[in-house]
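Below you'll find a set of structures to go through.
In what comes next, subunit A is part of two complexes: it sits with subunit B in the first one and with subunit C in the second one.
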Partner chain A sequence: MALEMRLPVARKPLSESLGRESKKHLVVPGDTITTDTGFMRGHGTYMGEEKLIASVAGSVERVNKLICVKALKTRYNGEVGDIVVGRITEVQQKRWKVETNSRLDSVLLLSSMNLPGGELRRRSAEDELAMRGFLQEGDLISVSFTLHSSIFMFALGQGVLVQVSPSLVKRQKTHFHDLPCGASVILGNNGFIWVYPTPEHKEDDAGGFIANLEPVSLTDREVISRLRNCIVSLATQRMMLYDTSILYCYEASLPHQIKDILKPEIMEEIVMETRQRLLEQEG
Partner chain B sequence: MKETPLSNCERRFLLRAIEEKKRLDGRQTYDYRNIKISFGTDYGCCIVELGKTRVLGQVSCELVSPKLNRATEGILFFNLELSQMAAPAFEPGRQSDLLVKLNRLLERCLRNSKCIDTESLCVVAGEKVWQIRVDLHLLNHDGNIIDAASIAAIVALCHFRRPDVSVQGDEVTLYTLEERDPVPLSIHHMPICVSFAFFQQGTYLLVDPSEREERVMDGLLVIAMNKHREICTIQSSGGIMLLKDQVLRCSKIAGVKVVEITELIQKALENDQKVRKEGGKFGFVESMANQRITAFKMEKAPIDTSDVEEKAEEIISEAEPPSEVVSKPVLWTPGTAQIGEGIENSWGHLEDSEKEDEDEGGSDEAIILDGMKMDTGVEVSNIGSQDAPIVLSDSEEEEMIILEPDKNPKKIRTQTISATQVKAPSKKPVKKRKKKRAAN
Partner chain C sequence: MAGLELLSDQGYRVDGRRAGELRKIQARMGVFAQADGSAYIEQGNTKALAVVYGPHEIRGSRARALPDRALVNCQYSSATFSTGERKRRPHGDRKSCEMGLQLRQTFEAAILTQLHPRSQIDIYVQVLQADGGTYAACVNAATLAVLDAGIPMRDFVCACSAGFVDGTALADLSHVEEAAGGPQLALALLPASGQIALLEMDARLHEDHLEQVLEAAARASRDVHTVLDRVVRQHVQEASVLLGD
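Up next is the complex of A and B:
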């Protein structure tokens, strides 16, 4: 068995490699944001001694008269229209408790699920007993919050879960992406990212409960592991995660072996290349 | 913070490994983790480390009036606290169940077993007795809190010295530490808890479960014993059904383990005693090893790259045109071919590993005959990387000529540490490879 050893190297501060022109206004809890009292205070701030003081560590955002501090590392705050990937922790009467990396447990009500037989069926006692047949403790699901408290949800079959900070997932129109490299990815707003092999055909009738347990081919597995390592390296370098950045990072990582992507130097190299490509694409 | 739930595959992995008698950290089923005991400067203060689980124990005493129905006995008070730094799941409001369970178990183990002679704690019957208070703090949770806590409690009690008291008639004199040496507590025996974790409805058991193993276990059996093979407390939790012979077997194992642990405790106490008597340094500062990596650090030195372009132009313009000899590839076996003759090996004595690398490099040349063009890239690591770290000795300088179909050959000098895998382009003159070994 071959072992790899390396000497400790002093880590470069990220700002060197970023070289950004626009300096964000970063604050830590207790910092004064402004002494001007004309502003309305938003999340992450409080008023003390005639000054607006930050209560979380993050960057200051200003929209007209509203000042708020967006925390860099935080638990997930749910919003309507978000997609999250969660794990069932408990099966209770008429509902499931779901863990979504937020401050409080999320709850999935039985009444909000589309059961076979049409929408208007009342939830009977047999449905309650059959709850465990649908979702058990430890299952992974992907849920989206919509306005009328009915949700679109399906259980996830085979794939890899990557946990990153929720602040790194960019808000986009859609969070389900089928990447051209041969895998699909669900970017949950709560920081849980699900990478899975692209299904050949979409099944709508089963309602997404039946997991596909056929063995996944080796090439698909390699693609998925490579994607997972890319996502981890992007998260370590604090890059925003969205389909383009993940795709560019994947392409930048192709010359390296999958296990080498996690080494610090190669991680920096790949992410720097990704960053450059993204800048080129924008400008 | 809530505890993050364990994923299904991790759970399955742990259970399958246990079925095959394998544990995550490589221990056997009946092995304990490393136990380390260190003492503080005060008497009665100790830290016990069971693997990564750490418990701090502190004993203090006070003169109080005794309980009404026990006028001649001292008072013992135990308190275990799960500090928030032990695990993210421990929060001020949330820990009640586990905390109550651990405290009850500790009390039963230490108080009901009468390991401490409470009668000796009496100073004046009915008026003044010693109240001994044992505070345990969990500093890090990596499984099996109860064992570590019981060891910490008994070690702290053995280590503790109370101030000397003398009674003359009605007068009670409490001597300070300077006037008279403090007196140790009178301890009859040392009860120690041993935990057994059960899996798959009682078929598999493990001693000293780690935190991951605790999460997937079905039930827990705790046996508190002393080295005289007397059971002080036994408790089974988790709702598993145990057979009689299983419990007997566990008690036998516990007997063996307790003897070992008691020896360890005695040795630690003796060592500390010796150090204090000889006047050496004692305390946490001395006994906790400095955890530091003292090794060379790789320095990143900036390299001046301002004139690289010019240098490259120079090299390109001065390079010789490729030689015209085109040798036909010879096919040894499908997939292995040889173009031309290699140069005479200029190294004196090759080590085996180097030779293997050499061969590997050679067999990677997948050559296709019959005029088919093949896309081969030359893989050279760190080409043109401007901030390559400076490598220490043992570097091999390779001079490689990369041949392109229609261009002049570019001579590139690279510094590599390991042998690079170079695929030769097909149908081109032989690539020259001169390895100059740096002076070893």
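Up next is the complex of A and C:
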């Protein structure tokens, strides 16, 4: 078995290599943001002695009369229209408790789920007893919040989960991506990212409870592992995650072996290349 | 140790510091990727590590959930190799519980718990090397960790210890000075408003001297705040640059 060892080396701050300063107004708790009482206070601030004081460390954002401080990283705050990936923690009487990396566990109601077959009827006692047949503790699901009480969700089969900070996932029109390299990703707004083999044919969703347990081929597994390592490197270097950045990072990592991607110097090199490509692309 | 003078005639302490001088402080935030917030601090030779999880759903008994605010749960632990003699410290022992309680009182005063009802915030602190001022180092590390986790706080909580020798108040006591047996005081302060989050002393001190010692501790805590403020600003600056404007 090959063993690799490295000695501690002083880390240099990552932003040095970028060589630029932030132009935002950065505050820490206890800082006075403004003494003007005309402003409304948003998240990350509180009113004390006629002054607006910051309560988190981050950047000040001002929208007309509303001032809020956006913290560097927080737990996930749900919003309508978001896609999240969650894990079932409990099966309760008429609902499931789902862990979504937010301040409280989310609740998935039995009444809001589409039954297999697409029938619309009142949920009976048998449905309640059969709940565990649908989703058990430890299962992973992908859910999207919609305005009405019904939600669109399906259980996830084989794949890899990567947990990153919610602030690193860029808001986009769609969060389901089929990448050309041969795998698909679901970028949950809550920071949970699911990488899975692209299904051969799109089966019409009957709720999607039946997990596809066919063995995944070696090439697919390698693609998924490489993608997972790329996502981890991007997250470590605090880069925004979206389909383009993940794809560029994947392509930049191809010359290296999959397990080498996680080494600090190679991680830096790959992410630096990704950053450059993205800058060139934007103009 | 007989004959060891804690304060020389020229005003120098055992390690060469002046009466009101702090030890060198080095701190870093975000040391663990898997925790919501983490920080590491070194005050002289005292080293402490703090990790914060939360706010999250209350684990265990649902009955402990508070309907209007978050539950703050602090646990203190001291590594077996932290003191001069290797000593195994079981988890539930008196000192750990007492420290955990003090930390909890300190942070319940500073964290804006009303913003997160029915949830729980866990703060775990571990002392890796104890050379005096362990409570202060724990509070300072935990403050940075709570800030790293993005949990809203009223202000920084900065702590420092103080003692009294030969009519002079000493700030930031080391282990040698603590072991000498004089009065020692631990103070946790919210610097912007000057409010005291926790004040603890279990020794005998004449009340005439209390004001002087308290003043020395408060001044030292404000000095600690200057250092921690700089660390946090640097961290925020770096993260902001990386995420792109």
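Criterion: the second predicted complex is superposed on the first by the 274 of 283 C-alpha atoms of A that agree within 3 Å, B and C clash if a C-alpha of one lies under 4 Å from a C-alpha of the other, contacts with A are read in each partner's own complex, and residues count from 1 in each chain.
Going forward, contacts are C-beta pairs under 8 Å (C-beta built on N, C-alpha and C of every residue); 3 or more make two chains touch, one makes a residue touch a chain.
No experiment lies behind these values; they were computed from the predicted model shown.
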| item | value |
| --- | --- |
| Superposed partners subunit B and subunit C on subunit A - clash or fit | clash |
| Contacts of A:T74 with subunit B and subunit C, given as first, second, both or neither | second |
| Subunit A: partner with more touched residues, subunit B or subunit C | C |
| Touched partner set for A:V28, first subunit B, second subunit C, both or neither | second |
| Touched partner set for A:K173, first subunit B, second subunit C, both or neither | neither |
| Subunit B versus subunit C as contact partner of A:K65, first or second or both or neither | neither |
| Which of subunit B and subunit C A:S55 touches, first, second, both or neither | second |
| Touched partner set for A:D105, first subunit B, second subunit C, both or neither | both |
| 77-85, 149-157 or 203-211: stretch of subunit C that collides with subunit B | 77-85 |
| On subunit A, positions contacted by subunit B and by subunit C | 89, 99, 105 |
| Sites on subunit A touched by subunit B in the complex | 6-10, 12, 87, 89, 99, 105, 137-139, 161, 255 |
| Partner subunit A, residues of subunit C touching it in the complex | 33-34, 36, 54-57, 112, 116, 118-119, 147-156, 190-193, 229, 232-233, 235-245 |
| Subunit B to subunit A touching residues, read off their complex | 2, 4-8, 11, 293, 295-298, 300, 379, 389 |
| Partner subunit C, residues of subunit A touching it in the complex | 13-15, 18, 20-24, 26, 28-30, 44, 46, 48, 53, 55-59, 71-75, 89, 97, 99, 103-105, 163, 167-168, 235-240 |
